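Structure record follows, encoded as structure tokens.
Order of writing sets the chain letters: A, B, C and D. Residues in each chain are counted from 1.
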Amino acid sequence: MAEALLEVRQLSRCFAAVDALKDVDFSLDAGEVHALIGPNGAGKTTFIHHVSGALQPDSGSVHFAGRDVTRLAMHQRVAAGMARSYQITNVFRGLTALDNVALAVQGRSDAGSSFRFWRPVRSERRLFDEAQDFLEQVGLADKAAIVAGQLSHGEQRALELAMALATKPQLLLLDEPMAGTGPEESARMVELIEHLARHVTILLVEHDMDAVFRLADRISVLVNGQLICTGTPEAVRNDTGVRRAYLGDHL
Amino acid sequence: MAFYRPTRWQRSLTIVLLTLLLGLPMLLNSLEQGFYIGFATRVLIFSLAATSLNLVLGFGGMVSLGHAAFFGAGAYIAAICQQAGLSEALLALPLAMLGAGLLALLIGAISLRTRGVYFIMITLAFAQMVYYLFISARAWGGDDGLPLSERMRFAGFSLVDDAALYYLALGALAVVMLLLGRLTEARFGRSIQAIRENETRMEALGYPVFTYRLVCFALGGAVAGLAGALLANLTGLASPALLQWTQSGTLLVMVIIGGVGYLYGGVVGAVVLLLLEEVLLGYFAHWHIVLGLLLLAIVLFAPKGVAALFGRPRG
Amino acid sequence: MTQLILEQALNGLQFGLMLFLLAAGLTLVFGIMDCINLAHGSLYMVGAYFVAAAAQAADSFWIGLGVGVAGAAVLGLLLELTLFRQLYRRDHLSQVLATFALILIANEAVRVIWGPAPLLLNPPEALAGPVELPLFGETFFYPAYRLLIIGVGLAVAGLLYLLVAKSRVGMWVRAGASNREMTEALGINVRWLFTAVFVFGAALCALAGGLLGPLLAVQVGMGESVLILAFVVIIIGGIGSIRGALVGSLIVGTVDTLGRALLPTLLRATLPGDAAATLGPALASILIYLLMAGILFFKPQGLFPARA
Amino acid sequence: MPSRLTALAAALLLAGAAHAADSIKVGFVSTLSGPGAGLGVDIRDGFNLGMKQLNGKLGGLPAEVLIADDQQSPDVAKQAADKFLKKDKVDFMTGIVFSNIMLAVGPAVFQNQTFYISANAGPSQYAGEQCNPFFFNVAWQNDNLHEAVGKYVQDKGFKNVVIVTPNYPGGKDAVSGFKRYYKGKVADEIYTKLGQLDYAAELAQIRATKPDALFFFLPGGMGINFVKQFVAAGLSRDTQLFAPGFSADEDVIKAVGAPMMGMFNSSHWAHDMENAENQRFVANFQKEYGRLPSLYASQGYDAALMMDAAVRDVKGNVADKKALQKALEAKRFKSVRGDFKFNTNHYPVQNYYLRVIGKDVQDRVTNKTMGTIFTNHADAYVASCKMK
């Protein structure tokens, strides 16, 4: 089986006597779209926080591209090739869409250090051209000059995706990209993720079952901080344990 | 928030002002008012100090209530250099900047681990610690501060004449404003402004947020050290009063009056405050009451400050 | 030697308890309203001036103290209703500027009303002398007035502890400190809770000002230096927690006093002459800041953080 | 907006340009707030009483006194002095209380060739190698009063003395002065912070060393608090208090009262001195301000008389610095403390008396002159002053 890009071993974390995550083992192969589903409060976002470095585990470890990144800060993991989007849209509302993505490009280690004090950024054409490409990839090419705060909710989700892509990640952590989007906006988002999946590995946390079953190569189910099963979409759909703990009897 | 962009006519206004200021000493001497050259130098120096705080507070988003520690440290380092026989400003000023910058690096490294109200109070407490350090060393003059026996020389030219020190201060302010103007529009400037707006998002884009803030804090400290060294030459005394937290409060007031996050916020704030003080002191001994009421009015009714009229943020 | 240690320990306790009177009000205003109040020192100063003026007018320390504390409470009420209600919603920068402006106004107003020279405030006649206690064979002298201060400090600490830990109002105060939004959601009239806390803080400041007046001097600007110590106390103790304020103030009080008293003699015994002379006072004065930095390194939220 | 600012500044300057040629301007910078305020206020009142008696004229010319409060900070004092020297172009300056402030302001005054008539601060530096033709002291050299107390404590045979003084130039002069004449054992030298008000820690230390005598030099509010706390701590029972005149004068007595009874101190002036000039001064001062004058007030008064005599001597031509210096050195005025003359370093050579605090005929707690410790006593630094 392809060498695992991301491996989480025995990850545990409790918040004041509440076991948010308990001995979670999880692995993600390069090129795969691996979905993580589970009822509200199962610990999905907490899990992503631990993978992205926003939170530190009580025990267990996180390995990325063969390296133990457990103790690395978030910005170091991003530099190592791991990018994330947020459950609640988190963009620079006062900046134009182009500036938002330009910041992401500027932050990349291969795009030169940002400790530059003399040359105005406006004169760095290459930076803005690259940012424009990423906007095109997410279908926001014509919205470059619009202030992010005035974009629609769906467009802001797409912008956040563009910013994550602009860091040229190997692994993309998507935290409920479809949250709060209307039917045709989520359809466009699914197409987008399908297109992205061709050249980046994706860990997808999502409630929208149609999107999950359409996009995911593999699915893991998290309930009360514990991973109860991992497998192909079909296997998970028929697994009795999942059915009882998560989907109830009607599925 | 948007990235700070100076308005079109701001550049031409600066050039006009600069030429006016170049002629000021001659004008003052012709009017036989030599005293006001020293006053003008004081305004230039406080503009420099307030601008250094504006870099930390306005662009870096860090509410530091201990900035006077670096301002005073610069003054003391200049006085100590002079006491040790080094009275060449070309060496002493960079030394003061280096010393104050390192002090800022040290205090920043600890303080920047905290956020919000804790950060405000810790910078306040550390500045008070620096105050006690300087006044308890008898070699540095204890409570009375450290006098400079005479003013330094700059590249051989004696600064004893007020106009000479005035031009040195004007030159220093002009250079710093030029560099700050470039910095805010360069990559570093955009990064710290973005960090000020949304720290977690920048961390998620791979920016080592702590390091950026620390560099910004240290740069602000270094420029404040330069202003302190110049002030020590003007007054001939590195006085402990410079290190007191009420001095940090005054610098903060200047930046807020002038306009937080505007390139000329520090300069305008210093000019307005010091001119107001000079004019009002003549007529109203308890002018601090007027200043206090003015500040309250600004907080309650005009939070954006005076300089908002100059560089409206673009977009 | 034991007498020296005992006397310095009592001095530390007295200084700590006075700091507690200041820190208690400050930490509640901070914890509940998340409002940084630089003018807390000015309340302490104005309170001391009220007490001194009233004591001179009524020619009695006790009446002066009562009138002074009441006056400061009224002033606190006025300030809270007019200015601080606007400030609670504002960002910390505006709070810093507005309260700094208050300091400027307070210092000048006091200079206008009572003049630049310090006011005279004598302790009550009965307590002017020392108290003699037989101890370890010799008689132990300790100023009676300072014992009074320790007594009042302990009484207020006890009262505050009961109020905050046991009473219903105290429960609201603690709830407000840990989560203000939730407290409002639970239908507690938070507006009046804020006012009550602010006024109570102002009264405590005046009490501290009045009690310390005879030991220090009732003069312009007396609030600024003690304000820093109050800040250090609530940083150490943890913002919003009365227990933190009490423990923090006792730590700062004893460490500062014992440091200032014993360190120079300690250093003189170990280091050569002049090094001890310069190092002693320097180390003593920055001792509490080193202590603060140390505590924060291990517990960034202070010893007893109200906000979990 | 900024263009209007520079216009405003220019207009302001023109207003200040006119400068009356034929009047005398005196720059009076003193400590009028903080713990040392009592001293500054007394010097100012004494000086103003002198001006009132000279009905506002110095040497026949109309005089203008500009007053500024230095808030006991060298920084503020320098700024005020700078403004008096450069903007108002004053002819004389006086009033500074503390030696650290005097040393900070001195250089600018001497460089500007303006005469400084010190009504209080007498730092050893300006008596010794840094003596300056433009500096005159009409009060004393800091060490003198301490020397007098040192001599008295030595004569009375005290063996184990503790010295308490603030950590500033005046304080260091006090210790060197006291030890110049007191040869016994000094149990401890305690340096407190200038402006410190709570002496609990120091008093506990003093109690541990059990001295038989305690010499303290703490001017103004500092002295008031120290004595009150010293008595409240019950130390006054077995330790005799000594102090120079300026820690045991009217300002401290008024605040502390009865506990000061029996305290010995030294001074070059006392309000019960018989000479006519002093009787008139004490009577007028009480009539004007309703309180007994302190020695600071007497020095402020003398400073005014001295300026008047010198200006009259040079017939108003204060521009001739050499002549004015000669006139000042000639000291053609009668001081309230009886006669004294200036030494080559412009410091006074005068008598120092012993005083004790007791009740006077009107049952007021005040100083009573007991005897003379030194006659025509010069300071110890004049040898190293090379002023011609």
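Points worth noting:
The rule we apply is simple: a residue touches a chain if its C-beta (ideal position, glycine included) is under 8 Å from a C-beta of that chain, and two chains touch if they have at least 3 such contacts.
Everything numeric in this text was worked out from a predicted model, so none of it was measured.
Identification of common neighbours of chain A and chain C yields B.
Contact count check for B-D and B-C (C-beta pairs in contact): higher for B-C. Between the CA-based centres of chain A and chain D the separation comes to 77 Å, rounded to the whole angstrom.
Chain B and chain D have Cα centroids separated by 38 Å.
The distance from the centre of chain B to the centre of chain C, each centre being the mean of the chain's C-alpha atoms, comes to 32 Å. Mean C-alpha position of chain C lies 36 Å from that of chain D.
Residues of chain C in contact with two or more other chains: 111, 281.
Among the residues of chain B, those touching two or more other chains are numbered 138. Among the residues of chain D, those touching two or more other chains are numbered 167, 193.
Interface note: chains touch in the pairs A-B, B-C, B-D, C-D. Interface of chain D with chain B (complex): residues 1-3, 5-6, 8-10, 12-14, 16-17, 73-76, 78-79, 82-83, 86-87, 100-101, 103-104, 107-108, 167-169, 193-195.
By the touch criterion stated above, chain B contacts chain A in their complex at residues 1-3, 179, 182-183, 185-191, 194, 197-198, 200-209, 212, 215, 315. Within the complex formed with chain B, the residues of chain A that make contact are 52, 54, 73-76, 78-79, 83-84, 86, 90-92, 94-96, 99, 103-104, 106-109, 112-122, 147, 163, 167.
The touching residues of chain B, when paired with chain C in their complex, are 57, 63, 65, 110, 113-114, 116-118, 120-122, 124-126, 128-129, 132-133, 136-139, 244-246, 249, 252-253, 256, 260, 286-289, 291-296, 298-300, 303.
If you check the complex, the residues on chain B that touch chain D are 13, 16-17, 20, 27-28, 31-36, 38, 138, 142-145, 147, 235-237, 239, 241-242, 268, 271-272, 275, 278-279, 306, 309.
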